[in-house]
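Have a look at the structure that comes next, please.
Each chain carries a letter (A, B, C and D) given by its place in the written order, and its residues are counted from 1.
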Amino acid sequence: MAEMPPAHPFDDDKLKEECGVYGVIGVADAANFVALGLHALQHRGQEAGGIVSYESETGFNSARRFGYVRDNFTKASLMETLPGHLAIGHVRYSTAGSKGQTAIRDVQPFFGEFSMGGAALAHNGNIVNAEALRRELIDHGSIFQSSSDSECIIHLMARSFQKTIPERMKDALRRVEGAFSIVAMTRTKLIGVRDPLGVRPLVLGRIGDGWALSSETCALDIIGATFVREIEPGEMVVISAGNGVESFRPFQHASSRFCIFEHVYFSRPDSILGGRSVYETRRQIGVELAREAPVEADLVCPVPDSGTPAAIGFSHESGIPYGMGIIRNQYVGRTFIEPTEQIRNMGVRLKLNVNRALIAGKRVVLVDDSVVRGTTSQKIKEMILDAGAAEVHFRIASPPTAWPCFYGVDTPEKEKLLASRMSEEEMRDHLGVDSLRFVSLDGLYRAAGEAGGRTPGCPQYCDACFSGDYPVAPADMIEKGFKLKAAE
Amino acid sequence: MAEMPPAHPFDDDKLKEECGVYGVIGVADAANFVALGLHALQHRGQEAGGIVSYESETGFNSARRFGYVRDNFTKASLMETLPGHLAIGHVRYSTAGSKGQTAIRDVQPFFGEFSMGGAALAHNGNIVNAEALRRELIDHGSIFQSSSDSECIIHLMARSFQKTIPERMKDALRRVEGAFSIVAMTRTKLIGVRDPLGVRPLVLGRIGDGWALSSETCALDIIGATFVREIEPGEMVVISAGNGVESFRPFQHASSRFCIFEHVYFSRPDSILGGRSVYETRRQIGVELAREAPVEADLVCPVPDSGTPAAIGFSHESGIPYGMGIIRNQYVGRTFIEPTEQIRNMGVRLKLNVNRALIAGKRVVLVDDSVVRGTTSQKIKEMILDAGAAEVHFRIASPPTAWPCFYGVDTPEKEKLLASRMSEEEMRDHLGVDSLRFVSLDGLYRAAGEAGGRTPGCPQYCDACFSGDYPVAPADMIEKGFKLKAAE
Amino acid sequence: MAEMPPAHPFDDDKLKEECGVYGVIGVADAANFVALGLHALQHRGQEAGGIVSYESETGFNSARRFGYVRDNFTKASLMETLPGHLAIGHVRYSTAGSKGQTAIRDVQPFFGEFSMGGAALAHNGNIVNAEALRRELIDHGSIFQSSSDSECIIHLMARSFQKTIPERMKDALRRVEGAFSIVAMTRTKLIGVRDPLGVRPLVLGRIGDGWALSSETCALDIIGATFVREIEPGEMVVISAGNGVESFRPFQHASSRFCIFEHVYFSRPDSILGGRSVYETRRQIGVELAREAPVEADLVCPVPDSGTPAAIGFSHESGIPYGMGIIRNQYVGRTFIEPTEQIRNMGVRLKLNVNRALIAGKRVVLVDDSVVRGTTSQKIKEMILDAGAAEVHFRIASPPTAWPCFYGVDTPEKEKLLASRMSEEEMRDHLGVDSLRFVSLDGLYRAAGEAGGRTPGCPQYCDACFSGDYPVAPADMIEKGFKLKAAE
Amino acid sequence: MAEMPPAHPFDDDKLKEECGVYGVIGVADAANFVALGLHALQHRGQEAGGIVSYESETGFNSARRFGYVRDNFTKASLMETLPGHLAIGHVRYSTAGSKGQTAIRDVQPFFGEFSMGGAALAHNGNIVNAEALRRELIDHGSIFQSSSDSECIIHLMARSFQKTIPERMKDALRRVEGAFSIVAMTRTKLIGVRDPLGVRPLVLGRIGDGWALSSETCALDIIGATFVREIEPGEMVVISAGNGVESFRPFQHASSRFCIFEHVYFSRPDSILGGRSVYETRRQIGVELAREAPVEADLVCPVPDSGTPAAIGFSHESGIPYGMGIIRNQYVGRTFIEPTEQIRNMGVRLKLNVNRALIAGKRVVLVDDSVVRGTTSQKIKEMILDAGAAEVHFRIASPPTAWPCFYGVDTPEKEKLLASRMSEEEMRDHLGVDSLRFVSLDGLYRAAGEAGGRTPGCPQYCDACFSGDYPVAPADMIEKGFKLKAAE
C-alpha cells in the first residue's frame, strides 16, 4: 500500500488539514471532473480518496482508494465504473492509528440506503460530540462500519422520520456539534452545507450548464468552472436539474468564525478565501512581520515551499534581498517506502540541501509559516549554520501555536506544542538562533484584511490554535479530561 | 510499471539530461550510499535506475528497476541483496522508443565477466560512433544484449588483450568518440573517467575513509561527503583500498569543452560546477538579461521551478517586484497514470494554476530557462492573459536552442526546435507576446564566469545546441544524413 | 484482482456451493488453524475468504481478501495481524453480479459492534426472506453495508433487546427463514448454529484443549483435530473456556432435511456426512447406476475429477474395465486471467485432453456427477467421438436437475436447466449420445444409506433440485414470481 | 514474484524435467498458439516461461516471465506485443540457486543478433561440456548474460564463419556434447534439432497451412494440430513458407537412446512417445509389477496423481479392487506463498488427506511412480497406518533410482538418492512397510514395448538413472570429481 506523502518537506512538524470535498452536477462524466477537483485539493488530504457517482442504469457506484488521486482516479478502467452526471468526492488525511489497508472502510464518501433511496456524503471538519452520538446510536441498534466521526451523520439520517433526504440531513445536522463543510448527493440532487460558524470553506462554481461545490476556488479553476460565491455559514444549498440552486438556513444564526489557519497554511496560495487572495494575505503577513520584527541582515530565505510568499513580502518591505538559500529535492513528493534504517536517519537531507555558496558568511532571515513541535526548525538552523551562515533569524508567519484544533485539523497533543510550554524567548534559546519572532495576532488579522486587527471578545475568525478561544466546546474531549483555557 | 515524471511542469518541452552516475568505495553498505546519491541525481534521469555492488562472499550483485530511486532502492528487502563496501549506480532517462518493461536490459550499470574477473560500468554521455563500433563487434561474434550505445564499451573491453580491467578500459575508450563520464568497478577498484573534452561533469568526494564519485556535488552533500575536486577532462582515476586515488591520462590532450547547458538547466542549483555555484550563475543570467533586455513592467514571475533563480536576478537588477504569478501543484511529481482522454486534454492546468489576484491588470515579465519547441510557452502565455495580465514579456535565460545535442541530451530533431526555423522576431510573433528576448551567448558566458564572454574559435564551453559548433563530429548521425553547420 | 477457479474442469456447467465456515477456540494463533481449515474447505467457495480473530490487547481484527486461502492467508505479515485464541472464517463463491473489487464489503465474516461488545458471524446457506427483512430494517433506520442476505442477521441482533450476544442471536435467527449453518464469535465465545432442517452441514471437533467448528470433517483432519459429532439440526452450541460446549435448542422442532447434493457433489470425498463416507456413497451410486442402467461396453471413464468414485463403482459392479480416457491438465486450478479471445474459444481443450490411444475404437461409458445446462456434456461427447470412440454412453450419478436451489447453492434459472425442459429421452437426443441414464431418486437414497429408498411425503433429505419439493417456501422468490411445483 | 508449484503433491521428492520447447510457423498470431502449447507443456517446467515472435514491422519481440503460462501469456495486453506468423517458446524449471527475480536473464528463449540477422533459441536438455565451452568463449571476448548452459550455443553461433543461421547452428552444435532438443527461429525460418542420441523428445505437427514443433504430442492436441512425426535423433529440420520442411543430418550417426524416464514420469499420459501411448506404457508397468511382485491385499491405491495408471494396471492384473485411498486437495496447484512456520510444518496434510473410511482395516497396495529420497514415501506410509490400514505394500513403477541424470533432469546428488545407499531390502526396512518392490529394468522395457527386455551392452533407451550407464560422458561433472560406475 502506497505511503502517503505530504507536500511540505518537514511535514512531520506541520499541522495537517484533514479533508477536502468536491461535487459536480449537470455535466457528463461528472466523476472525471470530481477527480480533477480532488487532485487540485490533494494538499488537504493525501492518505486516501473516494468518489461516488450516480446514473439511472447502474445506480450508485463508488470507488475508494488509498493514495494520490493522480495514481488512482486517472485510470480509464476505474473511471468507466463511475458513470453519470452527478458525483461527489473526498480526499482525506488521517491520524496514524487507523491507517492501513483495513481502514478503507474509513474512506469517504459514506453511503446509506434509506427507504426513499440512497445518499452519499463527504465531510470536511470534525464533529466534537461524535462519541456521545455514536454510543446513543449503537444503543438503538445502529451498526457502525467505520471509526469515522462522520458516519454518525448517515445513521442520524437513517433514523429521521422526515420524508426527503435533504430534510433528513437537516434533522441529523441539528444534532451535530462542531465544524462541517459537507458535500452530499441523492439520485438527483447535489447538496452542500456549512456549519453555523463556517469554520471550513465551501464554494460554489458554475461549469457549463452544471454546478460544482468545492472546498477551495483553486479546484474550480482546474475544471474551468467560474467561481460564483461562497456557501454561507449555516447555509444548505440543494442543487438539481429542475430547480437550480435552492438555499436553506436550517440552523440558528451565529457569527461567522472562519478558520484563520486556512489563510496561514492550509489553503492553496492561488485560492480566494472570503474575497481575499491567499497568496496576497501570506505576502502581507511577511510585510507585517518586517514591520513588527525588523532585523539587520543580508538575505531573506523562505523555508520551502510554504514560507515563500511571506518571505517575498518580508524582503520587499525590508529591502533585504530575497534568495533561495534552501533547495528542495523535486523528487520527494512521496516519502521513501520501507526505508532502510540508514535512509530514515538521513531525514532532512533527503528533502532539502543548503545552497552553501549563497548562504556562506551571510546574516540570514529564515521565513517559515509556523512552529509546531519545533523539531524541524532546529534541523534547518543546523544546516544553515553548517553552511557557514553568520547569523540566523527566524521569522514566523503565524502567532505561536499553543492549542490543539478540534475542528478538523490534525494537531499534536497540547504538551507537544512548543509554544504551549515556552515563551517566545525560551523558544529562541531552545532553538539556538540569533532571533525568533512570530507575527502578532493583530498583525495576522490585519494581513487577512481586518484593518483594525482582532476584535476582542468577538473575533472575526476561529483562532483557537493561537488563542485557546474555542467557539464550540469540544464535548467529547472535555469528557476525556481536556481543560479549556478558563479552566486551567 | 510506473510512469516516469520529470521535475518541470512542461517537461515535454524541455531538453532532458540522459544520465547520472555514482560510485562509492571503502564504506560499509556502499549500495545504500549509492542509493542516496542517485536520489540526489534523480533530476538527471527519472526512467530507471540500477546499482551493482560487490562483496567477496556473494560476488557481484545487481538490481535494476524502472521508476524512482526512492520507490525502489529504499526497501530493506532489496538493499540487503546488495552487500559490500564497493558499489556503483546509474539513473537514466531514455527516448520513448525503448521504454517499457522489456527494456530493463537497457538499464545500467552494465556488467561483463572477463577472464580476469567481472566489471560493471555506468555511463553518462553519448558515444557518437557507437553504431559503427556495434556493427564491427557483431561481425566478430559479440552478442549485444541491449540497444544502448554504452554496451560497446564492455564488448571492446572483452576483446582487449590487456591483462587488467583498467588497462582494458583504456584500450576500449580510445576507440570511442563522444562524451562520456564513466563510473566503473571491479572486485576491488572504483574507476572514474571523463572524456578528453570533459563534456559531462564528474566529481570526487571523501566519505570517512572511503571515496565517492558523482555526477554532481549535490549528491556528495546528501551522504555527508566532502567535495575533493573535479575529475579532470581526459583523466582516469583508479581508487582502491591499497593505493588510494591513482590518476592516469590515457587520452591525447584536448581543450576542455564543458557543457554550458549544465549551468543553464541540467544541474541542480545547489551544485558547484567548475568552481561556480549553479544557482549564482543562473541568478546572474537574470541580471544579464535585465541589462541586455530591459522592459517596463509591474511584476517579475518565474516559470516554476527552473526559471526561479534567473527571475530573482532579473527582479533584483531591474527593481521590478518579484512574485509568484504561477502556482505549481505540489502533487504532480509523477505523471498521471493511464489518464483518461479528458484528463490528458487538461494538460497544463493539472500542473499549474495562475495566481489571478496577483496577475490581473499587471505588466508581467515571465522568466523561463529555455524555449525548445515553444508549445508550452504558448500555453503559459494564454493562461496569463486569461487571468487579465495587461502585458506579457518573455525573458529566456539561455540563447535560442537551434541545434540538437549528440552528447547525452535528449533533444528533438532539428526541425522541431523553434529557433532553428525562426528568428527571435518571428518567435515573438508566433508566441503572440508583447516582447521576447533571449540572453546573448556572450551574456551567458559572462554569467558563467567568463568576464570576456565567449572566445570565438576556441570557446570555453560546448555550446553546440546554441551555436551549431560541435566539438566532436557526430559520426553515426552524419552517416545517417545530418548536416553540420558548415555543410548547410 | 485474481479470478477464482473452481476445481471442476467444466465448472461453468456445475452447481456451486456458496460457502464454507470454520471456527476455532482455545488454541494459540487460532487464525492459523482457521486458515488451514478454510484451505481444506476451498472447494465450497473460491471467490474470497475472510478471517476475524480476537485478542484482548488489540481487540477484534479482521482480514478479507479475494482469491484463494493459500494465496492470502499464508503470509506471515498478514497472519500476524490476526492474533488470539479465538477466530472464525469463511470462504465464499458468489454470483457474477456482485463480483469485483468493490464487493469486498460482501466478504464475510460480518462484524457488528453492540452495546455489550462486538460479534462476528459467518454464514453458509441462504435466507429466503432476506429481502423482506431488509426492507423492514431499512425502514427502521438500519444502514446496510453489503448486498449479502447474511447481513440481516447482524442488524436483527443489533435491534434485539436481549442482554447477551447468544440471546440476541437466537432472537435474530427466529426471524430468519431458510438454510443456515453459522459460525460466530464474541470476545470469549465460539458459537455454532444449524437451521431446524439442518440443510447445510456443521461439525464439531476437538483440537488439544480447544474446539473447532467446520462445515466438513475433512477440515478437521487438516489441523489434526478429532471429529466429535455433528451439530444437530436446530441446535446452537456456545463454546467458551469456562463452560466448554453448551447446547441450546432455540427453534421449534422439525424433521431433518439434509441436502443430498452434498453427498453427490459439494462435499469432499474424504468427508464423513451423517456417519457415511462421501467417497463410499459416490462409489455406491456408481454401483446403483450399473444395476439400474447396465450397458455393454469396453471401458468405463470418469469425467475428471468428480465422476471418479462413481466410475470406480460402476466398473466394479459391471466388470467393465476402468481407465483414464480423459486427462486433466494439472495447471488449470486457476482460470486464465484476461484471456485473449483465441484462448477463451479453446474452452475445454485448455483443461482436458482425450487419451486417444485408450479411447479409439472402444465403446465408452462416461460417468459424470450431474447434468446442469448440458453444454459441457456435449463438448465432452464431441472430444470422445473425435478420438475415435465406437459408442458413447453417459451415466449420471444424480437424478435430472430440474429445479433451482434456494438454500445456498448457485443454480441457473429454472429455464436454463436442461432437465426442466426435456425428458431423459429428449436429453439423449439433444446430446447425441448412444445412451444417457441418470440414477433414480430411490437409487440415490439407497446409495446414501437409506435402504428403503426415498420415503414419499416425508423424504429424509432435501432433494428439491431433483424433485421440486421445497422444505421451506422461498418467500422472496415467490414474491418475485417463482412458481412452486403445485402452482405450475 | 510468484513461487512455482509442481503438479505432484510430493514434488520435493520427485525428479524434475527441466524444460519444454515449442514453436509455430505459418499461422496468424503464432505467439498465441505457442502460449497454448506451453500451457500443455507446463508439467515440464513451472518456474518461468518465455516467448519470442517475429514480424517484419516491429522485428523480434520477446516476453519472459516467472510463473505459470496461464498467469502471464493469456493477457491480451502482453500477447499484443508478440505479433507475427512465427514464434517459439520455452518453459523451464531450474535449481534453487539461480531462482529469484534477478534470474529473469536465465529465462529462455535466448536471442542473438548476428551480422545476417537475429535468431532466437529454446533448449530442452543439458550440455555436459558447457563449462569448458564457456571458459573458452570468455577467453576470446564473449560476454555471457546468463548462467545457463544453453547460452553457449548462441555464442558459438556468433563466432561461426558460416553465412546462414542454420549453418551456424550446425557449426555450434557440433561443438556441444550432451542432450538437446532445440527449437529456434530466424526472421523466416522455424528450426528444430535433436541430439544424435535423441535423449529428449521433439515432434512435428501440422496446423492449417503452418507447422508446429513441440516437446510432446499433447501440446499439438491443444491447438488442434495433427501429429506428423517425431524429429529423428540427430536430425535438423528447417521449416519455411517457401520450402516447407527440409531435413538435414548434421551429426555423425549414433544409436538412439531415448530417455526411458519420459515414459515413467515426465511426459503427460496423453502423449505418444516413439509410437506408444504413455498412459498405456504406465498401465502396463502396473501389469508387470503385479506379475513380478504379487501380494495378497484388499485394495490397490495410487499415490495421486502420477501413480494412477500403474495402479489401474496392477488392479486389473491382480484382481484386487482399485480405490481412491488418498484424496488430493484440488487447490494446491500453487504452493503456499510466504507460508507461516506453522503451515510449513503441516507439509503433506495441506496437499493430501487419507480416505479413512476406505482404508481402515484393509491390506493396502500403494502404487507410486518412483522413490527418490524416500522422504515422502515414509510420510504417506504413516498417514495410511494412522488411518488404520492393516498392511502397507509399496509397489514402485520404476527400478530403483540410483544415479543422477546429467541430460536435463534435476536430480539430487548421488548420495541423497535412497537407492544409491541401500538395497531393496534395506529400503523396505527403512520405510517400515510390509513389502516394497520395484519393477525390474527388463519389466520396464517390456512395458515400454521391448518384448525382449533390455538389450545388454546396447540398451534401446537411456536408463542411466537406474543403471549408471551414461551414453555421453558428463565432462564438466567428471572434471569436478564425479565418478562413473566403472571408476567406482
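The rule is short, and it goes like this: a residue touches a chain if its C-beta (ideal position, glycine included) is under 8 Å from a C-beta of that chain, and two chains touch if they have at least 3 such contacts.
What you see is a predicted model; the values in this text were computed from it and never measured.
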Partner chains that subunit C and subunit D have in common: none
Inter-centroid spacing, subunit C versus subunit B (mean Cα positions, whole Å): 62
Subunit A and subunit C, separation of their C-alpha mean positions in angstrom: 50
Set of subunit C residues in contact with two or more other chains: none
Pairs of chains, among all present, that meet the touch criterion: A-B, A-C, B-D, C-D
Complex contacts: residues of subunit B adjacent to subunit D: 61-63, 81, 102, 104-105, 112-115, 135, 138-145, 154-155, 158-159
Residues on subunit D engaged by subunit C in the complex (per definition of touch): 7, 29, 32, 35-36, 39-40, 42-43, 46, 68-71, 74-77, 79, 218, 221-222, 224, 268-270, 272, 277, 279-280, 283, 305, 308-309, 312, 316, 321-324, 327, 329-343, 346, 349-350, 353-358
